[in-house]
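Letters are used for the chains, namely A, B, C and D, taken in the order the chains are written, and counting of residues starts over at 1 for each.
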Amino acid sequence: MASSTLRVVVWGENVHEHINAKVAAVYPQGMHTVIAAGLRELLPTAEVSTATLQEAEHGLTEARLAETDVLTWWGHKAHGDVSDEVVARVQKRVLEGMGLIVLHSGHFSKIFKRLMGTTCSLTWREADEKERLWVCNPGHPIAQGLGPYFELPREEMYGEPFGVPPPEEQVFISWFEGGEVFRSGCCYTRGNGKIFYFRPGHETYPTYFDANVRRVLANAVEWARPPATRWVDCCPNAKNPLEKITPKG
Amino acid sequence: MASSTLRVVVWGENVHEHINAKVAAVYPQGMHTVIAAGLRELLPTAEVSTATLQEAEHGLTEARLAETDVLTWWGHKAHGDVSDEVVARVQKRVLEGMGLIVLHSGHFSKIFKRLMGTTCSLTWREADEKERLWVCNPGHPIAQGLGPYFELPREEMYGEPFGVPPPEEQVFISWFEGGEVFRSGCCYTRGNGKIFYFRPGHETYPTYFDANVRRVLANAVEWARPPATRWVDCCPNAKNPLEKITPKG
Amino acid sequence: MASSTLRVVVWGENVHEHINAKVAAVYPQGMHTVIAAGLRELLPTAEVSTATLQEAEHGLTEARLAETDVLTWWGHKAHGDVSDEVVARVQKRVLEGMGLIVLHSGHFSKIFKRLMGTTCSLTWREADEKERLWVCNPGHPIAQGLGPYFELPREEMYGEPFGVPPPEEQVFISWFEGGEVFRSGCCYTRGNGKIFYFRPGHETYPTYFDANVRRVLANAVEWARPPATRWVDCCPNAKNPLEKITPKG
Amino acid sequence: MASSTLRVVVWGENVHEHINAKVAAVYPQGMHTVIAAGLRELLPTAEVSTATLQEAEHGLTEARLAETDVLTWWGHKAHGDVSDEVVARVQKRVLEGMGLIVLHSGHFSKIFKRLMGTTCSLTWREADEKERLWVCNPGHPIAQGLGPYFELPREEMYGEPFGVPPPEEQVFISWFEGGEVFRSGCCYTRGNGKIFYFRPGHETYPTYFDANVRRVLANAVEWARPPATRWVDCCPNAKNPLEKITPKG
């Protein structure tokens, strides 16, 4: 399943960029191209490509997913337009071992809600406010190369309660200028796959140009690399017992 | 959400009992009636009723679920016949706080797979074999009143790997005569709801007459009682910040 | 182990109150008396008593602990004066099933560090600052009866990283006026015992008079009630196997 | 903290080998030398050395531990002879990031009990019985290169309940010929350090010559490699707030 070269697909909804001048001004080539550029900068040996909602099968064919080690997902306005078939396909690949990095408003994507089984709800506010992300697990691979915290001068606020299963590892917790807190970096394993939810990334701010955010994404992609072997998860009938079973009366 | 009287609905697929003479011989009135009788015996103050696949809306209308504290679920042959609408409704109620006890082959039910987000796969064998369930968490509410282990003389085997998220609490692990092991009692929280998966209960064996199994189910139903208050999980806009936000440039 | 009446012992270091006029002004009878009064108010059927460092065996004799269901612990200045023998005794009782509620600066107590196995370190600041505790698990028993958050107008700050094992359940996360966040309500099980760490409670502030804090403490004490049966944890030799073992060559 | 070359110290109690002819026959140069040989075979670029109880400071001086990435620990008969000072030193290094692999009867070592905070008790039997270890987490780094299970023809039995905190990841569960089960591969993080407990390894059996056991140990040592940066965990006073604190009345 894994190859020596890390193969990353950056998926972008790619809608806001075409209908909102403010977003287009920050990300004229689309958010996905900036996220991909950040990964290429920090992971020069990785193969990083992009895919968008508008492509056939949203750019996520069976064949392409079969050769993807880690997928990143940004969506917001068009969650409902993602085909259920593609969502099922992505879920299957995650359970086989593909890593998945879910970004910001992707908390409400079909794929994240399906993998979590919960509402993935939260509170929110758009008010140009400061976010400070604190590292609460300094030894975690995703936190390497960061200081004790980093700041984003303007972001959308997300607040608790975050309607997700208890994270297996908590990497970041955010402080917001307006008074809220949020579990901003949450790790999960599902089947053979590793999942990381990372909060920042509102479309009207240059968050994906930020050096610390880029460091987090590169670390997360490395962390989510699939295991060497694939779990063929087919509910097999173990017809022949390993031990003798006494016939019952 | 919670009432002082514990209101339990025992859901049964109720198919094997009508087409398999062996099952009908063990459970002539249906497996659900025996599961319900066990709960009534040990929880005399609870209100225990049953619902089946064949009823309108599978017996799980909005109104009834709104007045259900804990739902138990046994299904096997007809998972695909459960309507997606009812599954979504049950999931919503679990996230609001309703307890859910998933039994045996219910590991592959739509509702369990949806709440777990994983394949819920396992290995299996039907060979009249002995199962011994070990308590690995003696202080857990679900293990109260049991000895260090209990046995079922004949059961279907389920073996690892079990394709579920890491359980939050592990209450039982099974030893099988044929050589396998299985995580037979797994606890989860999802939203406000508590979920317990309990392995035994193959339709051709009198498992739901067993005193220890009945004790586990009664304990689990008590454990899964909803919290006093309901989480209205609506992704609210926290428009008015609690703290002053400095206007940015 | 458990009795129908909940028996709570509130342990207080009881040092600051006698040497610091500011503390004495807030808690003239000692912090422990105010904590105990809050529990008595909200749990009228519980038997609540107090114990202090200065008593023989710190008021925690074998006999008394044997009849204690839940112990609360506040210490700061004199952690080193608590005898190792009493600490070992308390640890043993927690592993048998006694609940333990560790308060504020108790994060550095011998008993908490011994049960966690980690440094239990954090960052801190005394600056009369506002703390806002957010509920991130609204269905948790410890959060019942609270709103989405509550505030303490003046508290000491504790900040991440908090050097504890990953909490099994996260009930509260704090926002601080000065810019930090902290995992303020953390649940653990150790052996048969339940442990809750609750952050607020600096000695110079009237925190233990606060209605929300009192609600949390009463809920936590109820939540930490021991299971009905006691795990006799003696590393027994299971000399006689349950299954026949084939003699090897 | 980490170096590019993985530096492993294999610690052996080294007592049974000198007083029990049966053990000496299997491990004439000591168990630690065989464990070290297995690691050298599978991790040819690692620097693997050994240390024993009998050496000054048990071979674990401050200087040596400072240059150790991962420590493996086998002890049984002489747990009480390990100096508390050395135990505190090892614990400190684990919390800083050093990996720790605890083997078999090391479940009752001072260092494991101190890091877990619990009794670490279990049930046991010496009866030349077969153990079968099932992989319950096929995607875990420690399970790579193994089949769905592996067997040891003769081992001591360890049974549930195992008195440890809930494992963060469960890699193996054992089936025993005599009828018990055991959580045989348990992962923990404590501070920056990773801890893996691995059950097999009774001194009278050639377990550490087994190819699957050697694969597990090599995988575990790789998995437990320290993070790149060190958490200086000193409970710092964050005297200067990042945000302005309003002076209170």
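Heads up, the rule we're going with is that a contact is a pair of C-beta atoms (placed from the backbone, for glycine too) under 8 Å apart; a residue touches a chain by one contact, two chains touch by 3 or more.
Please read all numbers here as calculations on a predicted model, not as lab measurements.
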Task: Where chain C and chain D overlap in contact partners, by chain label - done: A, B
- [ ] For the copies chain A and chain B, give the interface type as same if over half of its residue numbers appear on both sides, and as different if under half do.
- [x] same
Open item on the list: Counting only Cα atoms for the centres, state how far chain B is from chain D in Å.
Closed with: 36
TODO: Would you mind pulling out the distance in Å between where the CA atoms of chain A average out and where those of chain D do?
DONE: 32
Open item on the list: Give the residues of chain D touching no fewer than two other chains, as numbers and ranges.
Closed with: 132, 138, 159, 161, 166, 168-169, 179-180, 189, 191, 231, 242
Open item on the list: Taking the touch rule as given, give the residues of chain D at its contact with chain B in the complex, in rising order.
Closed with: 132, 134-138, 148, 159-162, 166, 168-170, 173-176, 179-181, 183
TODO: Report the residues of chain B in contact with chain A in the complex, numbered from low to high.
DONE: 91, 95, 108, 114-119, 121-125, 127-130, 153-154, 157, 159, 161, 163, 165-166, 168, 177-180, 188-191, 231, 233-239, 241-243, 245-248
- [ ] Using the touch definition up top, name the residues of chain B that touch chain C in the complex.
- [x] 97, 132, 138-141, 144-145, 168-169, 189, 191-193, 226-229, 231, 242
